[in-house]
Each structure stands twice: as structure tokens, then as C-alpha cells.
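Chain lettering (A, B, C and D) follows the sequence in which the chains are written, and residue indices restart at 1 in each chain.
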Amino acid sequence: MKKILMTGFEPFGGESSNPSWEAVSQLDQSLIAGSHRIIGLQLPCEFEASLSVLNEALNALQPEIVIAVGQAGGRCDLSVERVAINLIDARIADNAGAQPIDIPVVPGGPTAYFSSLPLKAIVQELQLQGVPASVSNTAGTYVCNHVFYALMHFASQHPGLRSAGFVHIPYMPEQAVRHPGQPSMSLSQVMLGLRLIAETAVAVRQDVRMSAGTTH
Amino acid sequence: MKKILMTGFEPFGGESSNPSWEAVSQLDQSLIAGSHRIIGLQLPCEFEASLSVLNEALNALQPEIVIAVGQAGGRCDLSVERVAINLIDARIADNAGAQPIDIPVVPGGPTAYFSSLPLKAIVQELQLQGVPASVSNTAGTYVCNHVFYALMHFASQHPGLRSAGFVHIPYMPEQAVRHPGQPSMSLSQVMLGLRLIAETAVAVRQDVRMSAGTTH
Amino acid sequence: MKKILMTGFEPFGGESSNPSWEAVSQLDQSLIAGSHRIIGLQLPCEFEASLSVLNEALNALQPEIVIAVGQAGGRCDLSVERVAINLIDARIADNAGAQPIDIPVVPGGPTAYFSSLPLKAIVQELQLQGVPASVSNTAGTYVCNHVFYALMHFASQHPGLRSAGFVHIPYMPEQAVRHPGQPSMSLSQVMLGLRLIAETAVAVRQDVRMSAGTTH
Amino acid sequence: MKKILMTGFEPFGGESSNPSWEAVSQLDQSLIAGSHRIIGLQLPCEFEASLSVLNEALNALQPEIVIAVGQAGGRCDLSVERVAINLIDARIADNAGAQPIDIPVVPGGPTAYFSSLPLKAIVQELQLQGVPASVSNTAGTYVCNHVFYALMHFASQHPGLRSAGFVHIPYMPEQAVRHPGQPSMSLSQVMLGLRLIAETAVAVRQDVRMSAGTTH
């Protein structure tokens, strides 16, 4: 059975839960397409520790596909990230108290990596199944982008890792209660979406050609 | 068994479904607090026909409580409306092709009516149960406000109608797919919310005192 | 020379300036249409004191037209308010420390008053001159709505007051610097807009018929 | 006299003007810091022609600094772009009718380039002078990002080009009139901002360390 490593984060920024881990933990051990099994992994919301936990799992599990997931409070859909940049610019301290500013994720690494997930096929499938989704062109400059970049850097050196990428998800409704005016998405919808992403990542080797860009 | 009349609308504005009727139709015949039964009613999204259907049901059913529900594409929570105004200013034509501008709902009627639902207790209960909710100070100037005003006008003349009001709800996820950047709420979350609103309307006779205003 | 009373507010909510008074103070004594003169008046951002200052000026000046102006941080255009409601629900304390919740502006007064400014003609003229503008259906439940309602209540009893209403304006750019993601409007643009509103209020006795409503 | 090449775009997307060229054309020939002169250049909003016009000017003028400017309808401040990506994904056709999807700007070029403008010093100075500003982590995937990437690619091969980057600006008020709910910025405010950006680019050789990131 091939493995899909799916990561979620612990809570941060004053939240008591993180929808990424809530969803991923429930998808742990799920069977995808009869051929793959999801392995759920919680990452600390810390610049340093997140990468050691991630790298240990990447080496130990040798997954074929990696889908990292993070909370994006304020977004209204599943945003499949297109590009990871080699830069940390922390707006708030991480859970270990560190707030690095304008330093690279990997010194000497390339400026950016593109996701190797079939982004357009994923968005197309999600929308077809009634799950709001879009391609995003920035994963920010915090721990999410940090993990995303490190993941793609690892992938660039391990051809056995067929495809990898990052997905940002909205607040859960119970979080949005404390953030008036912010959208939310139910956990079951997020779980359906993540499962569809995993299935599409398994099934599609050549992404479809579909406009999903932004003018700015 | 006392009756709670709950109304939803047929689709409008190019949509093929309306979350208000999707939710209300599934709550039809639900038992609330052991003492009340929800009667679901679909209203046409037409200025003229909506009121004849509503008034017929109000007279035939003699409900103790009326909760009218409508779709508010772009809102992210259940917004419990505070005030209905005696004005129609249609931005788009209704489903019968009518687009009245700057005419009253009830000629000679008061400028506005306040909802008689326990707004603050409702918002408090919804938030407690993890359902994003707020008090809204405008129901717009379209068919929703039209029905809301006519309902409150009826209530002002029928003391047996203990409390009445209007609730706006977000797009469903499958609608939001076609409205990029717009928030959504799952039907099950909306149904939970409407049920809690009905329960609170039954249970609370004196609204709680809680700030839920806006500076503008 | 007939008088147009134009009011602005002192700063509130932690701001060190208020664009409404910044603009109105500079328009003080301006001549409009050769027949009217603007009298600028600053109102305290206090529920109680605002009305005593307003009423004193209304009685002393006997203006033909009154345009009250207030800051609406987060809005992006000049919003001409349609309706004042007889309700205070303060989200934050006013500048005197009072935070009334769910009490009427005028006990026993009607639920609401419509503005008597030619709303549609004003929006049409502003847009024609390149000033973003819209009709708004809620002035909130704070001091702005409080003053707006009290003004319309006064107008309902003084037929000599030909027309009166309220306009909400965005942050100034220097305020928006401290509110990331919030729109702003330059003071000169606001001043041009307020002058056009005054001119239209003088010139138009019968409002134009133009759709400017909202579906919710 | 050293040169600052400042580019703006022709109108696109149904607009009859483009604030970037409106502002840049008026800054043409301005003297900056007593040592530099701004050379304004209009770029066609076409993937192909924009680069030939840009490259011709870069080679002919040999500017020390290049500041490319583009319209970002919907944004509320001057956003100084951090990163240009090697990807075109056109949501709409350009002015020549071309709509390339998922192709690189420069085949074989690096995935991305960071701006070499002193981003943080610029944002700090703009905010100090009352001009809303922020660092943005995506310039989109249309002609703006295309020009930005090509510019940084050129800069990477021409060390004489001391610093280069891209700035997105909001709609002008007269455009926002036709885009209800969208923020705007006056042309004079934009011109002040662009002048401050040029001055800061000249004065600051080592960017300041200041958090200006986003969590997602």
C-alpha cells in the first residue's frame, strides 16, 4: 500500500483548535483509490520544530504523495497553493516564541518552488463536487509557507516523492463565532475536500489546462 | 400542538436552488421543545405573490411564531434581522419580472417595524452552539424585506402572533463554487441554526441585554 | 442667505481625528448655489451631549437643510443613509463613557424615519462627478444613527426644515495607515462630495427614480 | 543625472484609463533627491509587446532604478510586491487577444525573483507620510507579474541596475464609481506615494528590518 502523508498543524494565534489537524486526524488511515493510505501527522506551529518533525516523517514513511494543510483564517474556500517562497517574515511569534523576519527557509535554496500537485485538476474536481476551491498564489510568509517550502525542497531532492503541495483551509464555524465577519467551512466539508484532493493527486499525472489565475 | 410557521424562498437571481427553502423544507413538521411544530412554507420570489401566499398561510394556520428565512449571498453567518422598512427598491427584477422602485410595502404603514424575536438571546444561543451569527440592521430593499415588513405589519394587528422575524442565511457551498470569494455555510449547519432559533423563540419571552450593535 | 447646517463629529474609538469634522470645518461658511451658506458644527461623540448641541443649533440657526456627517471606518464610498431607526445599541462606550443598549433614541417616537434628502439624485450627481457613492440602508446603532434619528424627529415637527439626512464617509488615508486592509478617501474628495450633496439638496425638490437598492 | 525608469500600463479589462499610467505620465521628468530623474514609460497591456517595449527602454536608458507600476482593482493601498513568479496564467485575454495559461515568462528561468527595492523602508516611509501601504506577496499571474518577472530577470543579468521592483495601486475614484464596493485612491495620493518610493529607493541601500508578513 502506497502512502499519502497528510499534515495538519497544532493550534496557534490564540485559537484552541486548528481545523487542519481536526480534519487530518480524522482522515488518518483512510484508504484512497484502493491503492494508497493516508497517514496523518501533526506538526508543531514552530519554525524550527515543524521541519524536524516533517523531515523525520518524510524519511521514515517514504510517502508517494504529501499534502500539507494549514488554517487560513479569513479565506472562504479550500485554496490550493501554487508557490512556496524561500522567505520567512513572521507577523506574530510562533508557538516557541520565535519571530524571524526576512530570513530564508533554506539558505542558498532557490527563490521559490511550484507545487507539484495537479492544481487545476484538483480545483476542477472540488468545484464539481460542490466544494468551494481556488488556486492561491501566496501561502504567506509564516510557518505554513515555511513548511511548504521545506517540503518542496525535500521533494526536489527525492524523485520518489511523486507530488507534494499545500492547501489552506478556512476557520471552522465554532472558530468563526469569535471572528465576526469571517467566513467558515464545516469540518465535514473540509474532510470531503481533502479526500478529493488526495484522490485527484493519485489519479491525475498530467494536470489539466484551465485558467485559474488572477490579474493581480 | 402550537405552530411555528417557517418560510423559505424559491430560487432567484439566476440560482437553481435557494438555501432558505432547502433548509426549511427539511425542517417541515419538526417538533420543537415538545410543544410546537414547524410548518414549512415556500414563498415565491415575487413581490405580489409572496404576500398572498404568506397571508393565506398566516390566516389558515394561526401560528404562534413566524420565522421567515431568506438567502443573503455574500454574508458569512446567520444574520437575525432587527428592522423591516416600509420600502421597496428592487435592484433586479423579481421572478415575475417586476422591479418596483421606491414604493412602500404597505401604503400608509409605519416607516418600519422591529422584529419581535428575542434577537440577542438567539445570537447568544447560536454562538454558544458554534453557529456563526449576528444581528443585522438591514434586510435590504428587495423581496426579503418586503415579506419581513408585511409579516410584522400583520403581527402588529394580530396579538395572537406572539413573535415574528426574519433570518438571512449564506450561500450553500455548491452555490459558492460559482461565486468565487463568497462565503458559504453547509445546509446541516443552517438547519441546526434554524432549529436553535425556533427553540429560543419558544423559550425566551424576555430578550437578554447584550451589546450586538454596529458603529455604522 | 439661507442656511445649510452641516455637522461633523469629534474623534472617537481611539482615533485622533475624525474625517467628518476635518471636512465639515473646512466647508464652514462656503456659499452654495449663490443662495445658501454652509454652517459647520462639531458634535461631541456622546449620546447625550450630541443632541443638546444639535438641538441648540437647529433652534438658533433655523437652517433650511441639514446634512449630518459621520465616519464609517471600513466603508469605501460616500454612503447616503436612507433610514434612521429609533434604537441605540452601542458596541463601544461613547466619549462620555456611556454604552446604552437596546433603548430608543426618542421614547415613544416612531420606529424609523426616512431621510428627506434627494438620495438618488445625490448618488447620481456624485457618481457623475467621479465620487464613489451609494445609498446605505443602515446607519448603524451608535451615535451616528442616534443623531440622524433625532434630526429627523426634529424635522418631522418643523416643516421649515426642508430636507435633512445623514452621510457616512470613509477613513482618511492617514487613518487607514493604522487599519491595514481598510479603504480610505482623501479629504479633498470628501469635501468635493459634501459640496455636491449640498448643491443637489438645494437644487432638487423631487428625487429622481433610479434603482439603488440591495437584495439583502 | 541618473535615471529612474518608471513604467505604467495602458488601460485593460474594459477600463478607459489606467491609474498607473495616469500617475506615471505626470511624474515623467521629475527630479528625485537632486540626483535622479524619473523617465515615464507606458507599456502595452500585452504579454508579448510589453516585454519588447520594456527591454528596449532598459537597454536604451540604462536606468539605475526601475519601478514598474500596475493597477490592482480591489486593493486599497499601495502594495509593494515582494516576489515575481515565472508563470503566466491569464484569467482574461490581454489587449492583443492572447490568453496564455500555465506557461513560464522565461522558459528555463528560475521559479521566482525577489524584488530588489528596499520594501520595508518604502512601506515605513509611505505610512509615515500618511499613504496606506503594505508589502504584497503576490503580483498575480497576468501581465503585471509577467513584466515584473522579466524586469527582475533582466536585473539579474545587469548589475548596473541597482534596484528594481513592482508596485500595485488601487482604482482611481472615477473608476470605483463603476465598481460598487471597491476601494479607490486619489491620483495625487498615488503620485505622492510613487515619488516617496522613488526617493526611498534612491536613499536606502540596506533595507530596514521590520515585520510586514502575513500568516497566509
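Just so it is clear, a contact is a pair of C-beta atoms (placed from the backbone, for glycine too) under 8 Å apart; a residue touches a chain by one contact, two chains touch by 3 or more.
Since the structure is predicted, the reported quantities are computational estimates derived from the model, not experimental observations.
Participant: I need the common contact partners of chain A and chain B, sorted by label.
Facilitator: none
Participant: Of all chains present, which has the mean Cα position farthest from that of chain B?
Facilitator: It is D whose centre lies farthest from that of chain B.
Participant: Can you tell me the C-alpha superposition angle of chain C onto chain D, nearest 5°?
Facilitator: 180
Participant: Distance between chain C and chain D based on Cα centroids, please, to the nearest Å.
Facilitator: Whole-Å distance between the two chain centres: 38.
Participant: Would you mind pulling out the distance in Å between where the CA atoms of chain B average out and where those of chain C do?
Facilitator: Taking the mean C-alpha position of each chain, the two centres sit 30 Å apart.
Participant: I'd like to verify one number: the distance from the centre of chain B to the centre of chain D, where each centre is the average of its C-alpha atoms, in whole angstrom.
Facilitator: Roughly 47 Å separates the two chain centres.
Participant: Which residues of chain D are in contact with two or more other chains?
Facilitator: Touching at least two other chains: none.
Participant: Quick one: which chain pairs are touching?
Facilitator: By the stated definition, chains touch in these pairs: A-B, A-D, B-C, C-D.
Participant: In their shared complex, at which residues does chain A touch chain B?
Facilitator: Touching chain B from chain A are residues 76-77, 127, 130-134, 173-174, 176-177, 180-186, 188-189.
Participant: Can you list the residues on chain B that touch chain C in the complex?
Facilitator: For chain B paired with chain C, touching residues are 13, 70-75, 82-83, 85, 87-92, 99, 101-102, 110-114, 120, 135, 137-144, 168, 207, 209-216.
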